[in-house]
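What follows is a set of structures for review.
Here subunit A shows up in two complexes: once beside subunit B, once beside subunit C.
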Partner chain A sequence: MTGEQLLLILPLIIVTATSVITMLMVAAKRNHAVSCFITAVGLVLALLSLIIVARHAPQEVTPLLLVDSFNIFFTALILLAGLAITLFSYPYLCNLEDHQDEFYLLLSIATLGALVMVGSTHFITAFLGMETLSVCLYGMVAYPLHRQETAQYPMEASIKYLVLSAVSSGFVLFGVALLYAQIGTLHFADISAGITQGIANGPGSEYFVVASLLVITGFAFKLSLVPFHLWTPDVYEGAPLPATAFLATVGKLAMAALLMRFMSVSGVLQSDAITNVLSIIAVFSILGGNLLALLQANLKRLLSYSSIAHMGYLLIALLTLESATGAASGSPGTSLGAEAVSFYLTAYVVMSLGAFGVMMVVSDSGHERDHIGHYQGLFWRDPWLALVFTAMLLSLAGIPLTIGFIGKFYVFVAGVQGAEWGLLAAMVIGSGIGLFYYLRIVYRMLTPLDHDDPLPVAGIRDVIPHGILLVLLVALIVPGIIPGSLMALLQSVVQSL
Partner chain B sequence: MIVVWLILILMVGGALAWVTEAMDSRLPRLTALIVMLFSLIVVVMLCMNNFPDPLSPGGQWLVLEKWSWIARFGIYLQVGIDGLSLLMLLLTVFLGLMAIGAAWHEITERPGFFYFNLLWTLAGVVGVFTALDLFLFFFFWEVMLIPMYLIIAIWGHENRAYAAMKFFVFTQVSGLILLLAILCLAYFHFVQFGRFSFDYFELHNVVLEGRFQMLVMLGFFIGFATKLPAFPLHSWLPDAHSQAPTAGSVLLAGVLLKTGAYGLIRFAVPLFPEAAADFAPVAMTIAVIGILYCAKLAFAQTDIKRLIAYTSVSHMGFVLLGVYAWNIYGLQGALMTMLAHGLTSSALFMLAGGLQHRFHTRDMGQMSGLWAKLPKMSAMALFFSIAALGMPGLGNFIGEFLSLLGAFQANHVAAIFAALGLIFASVYSLWVIQRVFHGEFRVPGDHGAGHGEAHGATAQDLSSSEMLCYGAMVLGLVWMGMYPQTFLAMSEPTMAFLLESLGSFVGSVVSTAEVLP
Partner chain C sequence: MLEWIGLLPAFPLAGFLALVLTRGKLPRRIAGVIGVGSVGLSFALAAAITVEFLGSDALSHTQVLWTWMSVGNFTPGFSFYLDGLTVVMLLIISGVGFLIHLYSTGFMADDPGFARFFSYMNLFVASMLVLVLADNLVLLYLGWEGVGLCSYLLIGFWYDNPANGYAARKAFVVTRVGDTSMAIGLFLLFQQLGTLNIQEILTLAPQQWSEGSGMVVAASALLLGGAVGKSAQLPLQTWLPDAMAGPTPISALIHAATMVTAGVYLIARTHVLFELAPSVQILVAFVGLATLLMAGFTALTQRDIKRILAYSTVSQIGYMFLALGVGAWSAAIFHLMTHAFFKALLFLAAGTVILSLHHEHDIFRMGGMRKKLPVAFWSFVIGSAALTALPFTSGFYSKDAILLAALEQPQYGTLLWLGGVLGAFLTAIYSFRLVFVAFFGDDHTQDAHAHHSDDHGHDDHHHGPVKEITGFVMAAPLVILGILSLVGGFITVPVDSVFGVHEEHHASTLVHGFMIAVPIFGVLISYLLYSGAPQGRVLQQWLKSMRESAFGGGLTRFWFSGWGMDALYNLLFVKPFVALAQLNRKDLIDQFYGLLVELARISNRAIVLTQTGYLRWYAISLIGGLVLVIGIGVWA
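Then we have the complex of A and B:
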């Protein structure tokens, strides 16, 4: 490994160092503020190091990691999301009657896992990243365990996540083993070579199809696509809000980016069987997620089902990657599917972070305000928070002036290009259903309180969380009105795929 | 720049109205009024221009501007004003002013936010009427929904949550279908010309084969017909109209419905001439069913606002009929119906709102003989009811007559059945007048012992400012009825251009000069 290669994985090194330093600090003297500060600084430094990394040409750092613009973009997104959650966590955890420091430790290690995932072009690193992320998430989900009154849900959620996550990892491993038995390496690109030799279609392709589907099943578990979604609402509800937010943003982001890399490099979508299965999964996720979200009164559960639907929309764009690689090279529309996925992911991270951010601001570890009734009349009690929340919800519903609309537009364009009419019809129906539950929350916020509310206007008055909400609001609206520069950026990002 | 300014004035004015609430609760409405007056002046000044010859190089466009927006997909901020747009803008700002008049005393709760939403809805509508890039059009199409949703959801009546949700879901889902159709068109431009385009003029060049063209056209049709609304897609409208506050109903009936008709004239037919020609008999059948069925439904209502809402659907049937007749009579008739219906339905909703404000009910069964106590209001109600039923000499007659004339050339049977709608309109209009304004005086709570009497006695007749609003609308309707040439001449270049570039479905192009000698 040369010095330049070490430089290229600087973000990984910095985040690793951050967790080590946090751990040593905790060993020396516990201090909540210091732990949070170190983590935040570490993430910021890792972000800054990306400027150096970006100056270098794309390069493989050992066969395991590829540092290209795709990796850099998603690394930046993960670091930003991680940083935002770190800063949201501090006021949230302040009144936890337990040690807070380890939460940051888990958070930075989980971030590390996510970073490894987006850089991997090899099953070893992919699996390593996934496990690092998951194992830390078990801890984060179960974090407020010693609190008597809330102890039961985090434990239940964590066990559920642990068991199902382990099962899904088993699926991935089995699939990888089968693939290895067939092509003899673990590199994504070699699968592509195998496909050109005809292992994906025609007689004898079952072996390959089953292996790929096992891998994709494991991935679908992590993305909580129907029918592998059963853990999602319980884990979202049981986990403390920062952990939920981390799972919903960084967890989904890293997994989706990995899936995108896997699909476009390995070319598995050239197999019709796999495409068909994924199409069915997409339709079920969109309809199932939206229908199940309809009657939820708990916002964490509601957002969990809505995330299932959003991952379904994302899958439509992922499926059009195939038509991109299959199309004649040189056609200007080839990268459309990949751009659509990247844009939608970016939009999704911004808006779910914003939605969870508002919930974190009004909650603390003692009282989680995650019931729809808690937000009644918020428009008249705290217009600022209500404005942010409304913007995030409207963006999730795909209304113009927000990044969510452009994301949906992108997916539509990609779908039209891929002629995925059935999937687009599902998306139209799903979006229609989606309006019900997003608007229900907005309407609740508009309805004045009919009695004196025992709740305070908003839990936290710190400047930092509100500042992050402002940044998120700007990141929601500016690309919603002038998306040109983000589109151009993503166009160059996905070139390297 | 004039379009950008107009939209900006409305948006900034809206924000200003919201901000000024903190100083004084009467400031927002004043701000809104000034902003609307200013917009009206801008639009009237545009009307003063001479209209360009449609055959000149610039075409029929009075204003045509284009700025780059999203280069990746060939999306431009392209706006244009021709006679058709300008008439719609005139209607929009005029009714915007009326809506402010209607809200003046009615909205006392959170006025700043109300006027913000009102002005932003209008800004969206102005965008819809001027956008010539289909993405930009869709963008405004959606932008106008959210403030309208808020108006219904916050200031609406007893069942507002349901009505607002229904309104939003109907228009949003049909909007997504419209978006899908727009994207198909843009994508096929990419396939045929090597780049994405949402440009109205460039999309005319896209060639779609028969079946697919029909599907894409249907996407457009569903999007616009929901807004219009046309027969099977109309069920959101009675709820939204009856639950919205008066100003909201005025905007919905007067302006928002017209965006659907405008979309049909501007996009759905010209972009897909063959498919639209094939579809015309179906569309005209839908129109006739809508006219007759909703007139029948209107007759069965007891809620006065619901009744007016159903009559709106019925009248919009004439617009659909005229558009799909696709000849100069039909198109001009559709346009005149849009303008005249905008005024009559707004006025009727304002009257209904006035009744509700005074007696706290919309149930016609509880009111009768109001003429004795409220002579001015009753006279106005009589005037606008008669206008709505199509009395010659008023605007609605011109519109419906021309629509039927055009439709008769295209499809005899449809025109004959549609003409029955005029009779139904007389029946329900006069029936309302009979029930509410004639007979023995009775208002809600009038169970013996003087209470109702006191209630009725305290009810004020129209104030002078209200009379001013109604007077302006009366004037407009009489103008349209007596000298429609003013309006027909403005839209003629556009209509002639549309017909000439596509050819009419049936018959040949006739100048409007022959329409009214």
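Then we have the complex of A and C:
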């Protein structure tokens, strides 16, 4: 490994160093504020280091990692989301009757796992990243164990996630092993070489299909696509809000980016069987997710169901990706599908983070406001938070002038170009159902509250979370009105795929 | 100066925003200054632009502000177009508008909705300016709908009376019929010519279409539909008399001087299309003729001071349509201008009368107001003289031009001319009937017996002593408009280059003499009939007996109701529509959606059962899902 290659993995090194330093600081003397500060500074430094990295990209760092503009963009997005959650966590955890510092430790290691995932073009790093992320998430989900009466939910959620995630990892490993037996390497690119020899279609392709589907099933579990979605609401609900937010944003983002890289490099979509299965999964995810959310009163569960649907929309765009190595490269579908995926992911991160951010601002570790009734009359009680929440929900519903609308529009255009009419029909129906439950929350926020339910008074330490909400609101509306510059950026990002 | 043309609608728009965003919390004085000042600035700028434009040799000026949207070759720009016609319209809108705004500060002084009133008025002026400045039909349509919205808002300004709300809705719905026709016309033009830029249409149309071809007939007929709706011509005239429910300055600004003449402007602006479709053009003339006669007869029977003026507006716009129909474009615009002066004057004077008499509208409960309301009286005399087209007033010159042009129409010239002269005769009778009844004779304001008065919305008659309410802000506009009504006929409208012809009409002395004599004769008859003069006793007796006879009474009632048009439309459209709505009370289509909702709810209930919370079930589902996925992948 040369010095230049070390420079290229600077973000990974910095985040690793951050966790080490946090650990050492905790060993020396515990201080919540210091731990939070170190983590935040580490993430910011990692973000800044991307400027250096960008000068040397694109390059392969050993066969395991590929540093290109795709990697850099998603690294930046993950670091920003991680940073936001770190800063949201501080006021949330302040009154926890236990040590708070380890949460930041877990958070930075989980971020490291996510960064490895978006950089990997090889099953070893992909699996390593996934497991690093998951193992930390078990801890984050189960973090508030200090109170007898409230401990059971985080614990239950964590155990469920641990067991099911382990099963899905088993699927991935088994699939990888089968692929290795057939192809002889673990590099994504070598799969596409095998496909050109005809292992994916025609007689005798069952072996490859089974192997790939095992891998994809494992990925689909992490993205909580139907029928591997059942864990999602329980884990979202049981976990403390920062952990839920992390799982919903960074977790999904890293997994989706990895899946996109896997699909475009390996060219598995050239197999008709796999495309068919994924289409069915997409339709069921969209309809199932939206229908499950319909009458849900717990906002964490509601957002978890809505995330199922959103990942379904994303899968439509993923299906329009055509293999970069295939003969179809250069056709308009190639970059449009990838652009749509990237845009949708960006939009999804902004709007989920905003929605969870509002919930985090009005909650703390002792009292989580995750029921729809807690938000009744918010427009009269705190117009600013209500405004942010409404904007986020409208964006999730895909109302114009928000980033969510442009994202959905992008996916739609990609679907039209790919002539995926059935999928688009599901998307239209799903969006129609989705509108109902998002607007129901807005409606409740407008309905006056007859009894008193004081919100936490925003103090000095809430300045930063409110500031982040403002930034998210701007990031929601500006690309919704003038999406041109973000589109141009994403076009250059997906060129490297 | 010409590049500042974009500021013309920007001033009143800014005024509107300022008044709306402060939500009526500004002190009245400041709200008034904003409301009047913004229009005043527009007028000053319009005057400066006019001077510069007319001083230069340019025939037109186009100012592109920005491109609105760009879809294929559909690129409507936010661009303004200035030529002689636009200049005339600009000065009328901003000038007369400014005077009416000024007057309103006095008229509305005690109204709780003072700031709201001025915000709507400003928005109206801004929309109207956009309408006349637009260089493409999309932008024109924006202004067109904008003024329609403001008209709706201002007719229903005193919304706590349901009748006013009804009148506002009626105006909105009826004009919407015309607007739809116009929108279809725009689609057709774009589909056929590939552009909506007005000047491009005017050059392309003669190249693409031969005279009288089907497309150009259809397009111009559809545009005529829009014009008829906006300008309250047959068969869409029924909304204008009811629109008098709004505050009187609104009637002066929107329903007399500016908005209702937008249809005239539209036809003049797209005159090339109408020249290509002679059948539609002559239809315009006959629509105008029929409307002016019908409205004239109706005005003879009305008792409400504002309704008389409303029908006279309908009738005068009929003259403009008549002029357009015979190709006398500049005569139409000329009459549009003089009409704006004298009709605004009449409405504002009527406002003074109404306010001074504590919201009395019925002219038969006024009487003898000549001494008590001198300013209003003289305004009415001047305004009515111009309306009647007595010699040397402004209306004389414009109406003269129209009638002479009508006479020159090759096919139906004599018929149109005779109709127009008959209309002028009626005009003289009804306008001086108003003057003689309201301002001469005995004072009827304290009459105890309740006359049946038409529903005019404002029922709070506090009968107190009559004292003319007039201050500088209310008197000054009357004086200025009065002067303009007298001398406005000497203004030359600079529109020859727009229409490409210089119109001059000549006729024999006999015709001229006849046309001068008819209105004077009408005034004379009116004097004998309505002033209570002893010389006219025979005539008065005859009128009385006519009214009491079965035929005469029926005819009076028929005319009074506006030729039964409201009842007819009620029977033809409203009743069947209501019946259909009753029939579909349960709303079949809605039940379909109700079914969808129920379906979603049931699906939700069913699917939620899978969320058991048991880890073992989740694990099984994971494996079952995998089996399913592989099964589909391998065997499907």
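What we mean here is this: the second predicted complex is superposed on the first by the 477 of 497 C-alpha atoms of A that agree within 3 Å, B and C clash if a C-alpha of one lies under 4 Å from a C-alpha of the other, contacts with A are read in each partner's own complex, and residues count from 1 in each chain.
Note that in this section a residue touches a chain if its C-beta (ideal position, glycine included) is under 8 Å from a C-beta of that chain, and two chains touch if they have at least 3 such contacts.
As the structure is a computational prediction, the values presented were derived from the model and not from experiment.
After superposition on the shared chain, which partner residues are touched by A:228: those of subunit B (first), subunit C (second), both, or neither?
After superposition on chain A, A:228 lies in contact with subunit C alone.
Touching A:431 in the superposition: subunit B (first), subunit C (second), both, neither?
In the superposed model, A:431 contacts subunit B only, not subunit C.
Just to be sure I read the superposition right, which of the two partners does A:491 touch: subunit B = first, subunit C = second, or both, or neither?
first
For A:400, decide between first (touching subunit B), second (touching subunit C), both and neither.
first
Just to be sure I read the superposition right, which of the two partners does A:159 touch: subunit B = first, subunit C = second, or both, or neither?
Touch status of A:159: second partner only.
May I ask you to decide whether A:411 touches subunit B, subunit C, both, or neither, giving the answer as first, second, both or neither?
In the superposition, A:411 contacts neither subunit B nor subunit C.
By the touch definition at the top of the document, which applies to A:439: first (subunit B), second (subunit C), both, or neither?
A:439: touches subunit B, not subunit C.
In the superposed arrangement, what residues of subunit A touch both subunit B and subunit C?
436
Which residues, counting only subunit A, touch subunit C once they are in their complex?
Touch list, subunit A to subunit C: 159-160, 163-164, 167-168, 171, 206, 209-210, 213-214, 217, 221, 227-228, 230-231, 233-234, 273-274, 276-277, 280-281, 288, 291-292, 294-295, 433, 436.
Residue numbers of subunit B touching subunit A in their complex, please.
Listed in rising order, the residues are 69-73, 110, 138-139, 142-143, 145-146, 149-150, 153-154, 161, 164-165, 168-169, 172-173, 176-177, 179-180, 183-184, 186-187, 190, 194-196.
Can you check the complex and tell me which residues of subunit C touch subunit A?
600-601, 603-604, 607-608, 610-611, 613, 615, 617-619, 621-626, 628-630, 632-634, 636
Any idea which subunit A residues touch subunit B in the complex?
So the residues of subunit A in touch with subunit B come to 332-333, 380, 394, 399-401, 405, 409, 412-413, 416-417, 424, 428-429, 431-432, 435-436, 439-440, 442-443, 446, 482-484, 487-488, 491.
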